[in-house]
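Multiple structures are listed underneath, in structure tokens.
In the two complexes that follow, chain A is the common piece, with chain B as its partner first and chain C second.
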Partner chain A sequence: MKKLKLKKKNLGDFINELTRDYALYAPQEKEGTISFSLVEKPEEITLDYHNSDTSPKEIFFPQKEVILTYQDGNSQPVFYEGKPFALLGVRPCDAKSFQLLHQVFSTKKFEDPYWLTRFKNALIIGLACNDTLPTCFCNWLDGSPHGKEGMDILLTDLGETYLAEAVTEKGESLLKQQKDWEEASEADLKQASKLEETALKSLPPKIESAKLKEKLDGMWDDPLWEEIAQRCLNCGACAYLCPTCHCFDIQDEGNEKNGKRIRLWDCCMYPLFTKEGSGHNPRKNPADRVKQRFMHKFNYIIQNFDKYGCIGCGRCITYCPVNIDVREVLKQILET
Partner chain B sequence: MVESTKTYIPIPVKVSRINEESPDRTLRTYDLEFVNKEDRFDYMPGQFCQLSIFGKGESPLGIASSPTETDFLRFTVNRVGVVTTAIHYLEEGDELGVRGPLGNYYPVEKFKGQNVVIVSGGFAFTTLRSLVVYMLDPAHRGDYKDITVIYGARTPDLLIYKDELEKWETRKDINVHLTIDKGIQGWKKHVGFVPSVTKEIAPASKDAWVVVCGPPIMIKYTLPVLTELGFPSERIYTSLERRMKCGIGKCGRCNIGAKYICLDGPVFSLAELEDISEPY
Partner chain C sequence: MGTINEDLRKQAQKLLANKEIDYFVGCRQGTIPFRSAPHAFRTEAELDQLTFDMTCSNNLAQFLHKNYKKGDKIGIAAKGCDARTLIQLMAENQFPREAIKIIGVPCCGVLDQKKIRDKLGGKPVLKYSLPSMEEILSGKKDTLTVEGKDFKEEIKLADVVSNNCLVCEYPSAPLADTFIQEGLKQEKASGSMNWLEKFEKMSSDERWEYFSKQYSKCIRCYACRNACPFCYCEQCIVDDSQPQWFGKSTNLSDTMVFHIIRTLHVASRCIGCGACTRACPTGVDLVTLGLYLDKEIKERFGYTPGLDPGELPALCTYKEDEKQDFIM
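== the complex of A and B ==
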């Protein structure tokens, strides 16, 4: 696979090129919040960032999405019809989350046409983390600050230039088109691996993550869930920021004749999530719901998809209003 | 793999017949016909559909008709929430939508050459009606040995499909035992809760499979009786319900443990459920 160098002063040209063929999304700061937004001009984007506050999953799985419109009993699906998406500057943890979501939405008998329409032709250009945050823990969950999983191209910031490594055929063919980019030298690659080493060292010491699933198998009645639930406000901030949460609700907007059916992110922390028409709620206590969240991420998803349901991005740690720290919970699970 | 742009699009159906199942008018049976004949789908006893009313939403309901009844899809709807109430306002000729068939089905292949016992209570009898009608069909009856139905409700009025139950009672190729919780004048059949009546009837467990569906409390007390009668948990089946949205294992709310009721169920053997910590 190709390994080239993109001079930072030429980044604007590259962005302009991408916007011709793609709906390009990249990190942009708006009112103090960094999110992946549609790029119109190269100067809008910021690649000098730790991670976006919201997860870029929202491009492929929007928080609110019309799935069909109906009129007089007839309904039509509504699909994204724009240019294929390109994401620039995706952190390795988030790129990994797309792979899990893709498994959820495209395997187990049924494909989700809305996810597939948005995701299948997308170009993912990642950006290695040279500098990690105190809340980062991707190394606990098969991730790495320079991980390439889920990307077509990985960029590594080398100061004046970005090292651009093709990861997939699609990335390779895009790099082949970049006639004026230099080949990366041995020294460049050495610098990148040094940066990776430094980034890895800045992460917290690993825990025995491989044992989490088995530990949780025996923790159904553990007092830990009640202990966490006593602090948890059931606000759902963790789920809305989580790059791997995929639960949704379906609601109708309109009257019986005309309207649309939409799907919206939903959250297992809310009592209504499982409350049935009869009034019965299989997860009526906050502890039941806290347990569902951790069991899903660190036991059920492993059973169903053979990977962790968490990528270690740390967004839920940063934003939890009562400071519930998933890393502490994982340590508690292993100590049980 | 179901690869379709229509995954979430309801198929238009029309109400062809409505039957009031209970005097309190909370239970109604709807027979539905496909508006476009080419939309007709095959299904198996135990599967369910999402019934869709535009402007209100969708509700998951077990299919009460049998695949052998090719002219209609039948659902018995308990009026509890927004969608089921809207369904109750429908009249014959009105249109609604259906998404399905969803989920797995009763293991009718495994039942072949064996005795089948069906234990049920209240309005959970819906997909069991589908199963009974399927097995009684002349094309299938020879595949199964004795068919026994034990079915109870609080009062005679609350037994659903009463006309059909009466016909089955007169047939020689099915044993039907009906029970009500407390005796009333004129009732000459069984009296007592389903678990104790099951114990009294004591269907033989040799070469037999049992399907049990009903309110959680009935299931809770029936399972030990079945175990006592010698049914191993691999041969005890039930069907579960949960709040659902997508019906295809994506929306994330109907799981018990790592299993999704919409995708891995709704039909489970007791053996499968015993491996799951989450209560069902």
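== the complex of A and C ==
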């Protein structure tokens, strides 16, 4: 696979090139919040960042998506029809989350056409983490600050230049078109692996994550859930910032003659999430909802998809108003 | 007399040892900078983790109320806003006065994580040191030090304290069973009202623009509602489905209706603790409108919530002699 060097001063040209063929999304700061937004001008983007506050999953799985319109008895599904998406500057943990979401939305039994339409032709250009955050723990969950999973190209910041490594055929063919980018030298690759080593060292010491699933098998009635629920606000800040949470609700807006059907993010922390038509709620107790969150990520998803349901980005740790730190919870699970 | 924290632990220990309470509500140090975790301390052994400083930014009365069961006896370390919340909740018949042992703590405001982050341009803080509460309260120190990968900076506390604390009129519990270090009690926040005055001077178009910008950041996670001690409806209006009163999307029309309804619903009950704003992951300014309504209610009805457990909120009651000039 190709390994080239992109001079930082030429990044603008590359971005302009991408915007011709793709709907390009990259980290941008607005009102103090960094999110992946549609790039109109190269100078709007910031690659000198730790991670976005909101997760880039919202591009392929928007918080609100009209999936169908109906009028006078006729209905019409609505699919994304714009240019294919390109994401630039995706951190390795978030790129990994796309792989999990893709598995969830394209099982043998069900294929989600809305996810697939947006995701299938997307180009993912990742950006390695040379500088991790104190809340990062991707190394606990099969991830790495320089991980390539889920990317077409991985960029590594080498100071004046980015090392650009092709990961997939798609990435390779894009790099092949870059006639004026230099080949990366041995020294560049050495520098990149040194940066990776440093980044890995800055992460917290690993735990025995492989044992989590089995431990949780026996924790259905554990008092831990009640203990966490005491302070958990049962809000959705963790789930709505989480790159792997993917639950949704479907609602109709309009009247009996015409309107639209929309899909909206939903969250297992909300009491309404499991409330049934009869009025019965199987997860009425907040502790049951707390349990669901951790069971889903560290037991059910592992069982169903052979992957962790968490990628260790640490957004929930940063933003939980009552300091529910998933790393602490995982340690508590292992100690049980 | 020891430090504030030593005295606080001693008080809590005494209450637990004498079986005057079932548990003590306070904060323990969090796992990341500037966050603390509300906690129910049930044993004396746990109490060495009990701590009070400017990172204790949650409304502990919300924690207490959420976990309160009839018959419980609970002790609590209460800042001015925590105590006012308790008083207000008592006025709303949520628990009897005798169920709660209020230990007042001297407060000089709590830190706003987002302000610190903005100040540092997003650079992560690896280590920080706060002066002791005694040093801050007595005016000897007014900065905190933050350290990251290749920086070390001093930040003025006044620049990173929560907005609502800047205009707080009751930093100390108006009602308490015991007060820790009464000598350090603050009477009124020394911060400036500039920011609220700036808002008052805005034209209605400017206000509309300001709040549109704020509410468009909302991701409907309901952290504000759930952190609010006065949002305790068994079923919130946004969770009604038959009928569903308004949409659940992040469209501005939906988020704005949600926030305005919520603000109106807690008007004359909101004591301006700012927990909503601090809980918001996207930095929506929720407290300004609340504080502004508070001010209006004070002017119109001469009522301030959270001072008298025997008095109903202004908008929940009617007095014959109150101003009626708004009725045409």
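To be clear about the criterion, the second predicted complex is superposed on the first by the 335 of 336 C-alpha atoms of A that agree within 3 Å, B and C clash if a C-alpha of one lies under 4 Å from a C-alpha of the other, contacts with A are read in each partner's own complex, and residues count from 1 in each chain.
Keep in mind that, in the parts below, contacts are C-beta pairs under 8 Å (C-beta built on N, C-alpha and C of every residue); 3 or more make two chains touch, one makes a residue touch a chain.
What you see is a predicted model; the values in this text were computed from it and never measured.
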item: Touching partner for A:Gly159 - first (chain B), second (chain C), both, neither; value: neither
item: Touched partner set for A:Pro271, first chain B, second chain C, both or neither; value: second
item: Which superposed partner A:Ala237 touches (first chain B, second chain C, both, neither); value: second
item: First, second, both or neither for A:Glu328, with chain B first and chain C second; value: second
item: First, second, both or neither for A:Gln251, with chain B first and chain C second; value: both
item: Which of chain B and chain C A:Gly82 touches, first, second, both or neither; value: neither
item: Chain B and chain C contact sites that coincide on chain A, given as residue numbers; value: 249, 251
item: Residues of chain A defined as touching chain C within the complex; value: 31-34, 49-50, 53-54, 63-64, 131, 133-135, 230-231, 233-237, 239-241, 249, 251, 253, 262, 264-265, 267, 270-272, 317-325, 327-328
item: Chain C residues within the chain A interface of the complex; value: 30-33, 35-40, 58, 63, 67, 114, 117-118, 122, 124-126, 149, 213, 217, 219-223, 225-227, 239, 241, 244, 247-251, 275, 278-279, 281-283
item: Contacting residues of chain B [partner chain A, same complex]; value: 1-10, 12, 53-59, 80-81, 84, 95, 97, 241-243, 245-246, 248-253, 255-258, 263, 277-279
item: List of chain A residues in touch with chain B within their complex; value: 67-68, 70, 73-77, 79, 104-105, 107-114, 217, 220, 246-252, 254-257, 259, 261, 263, 266, 268, 273-278, 282, 292, 295-296, 299-300, 303-304
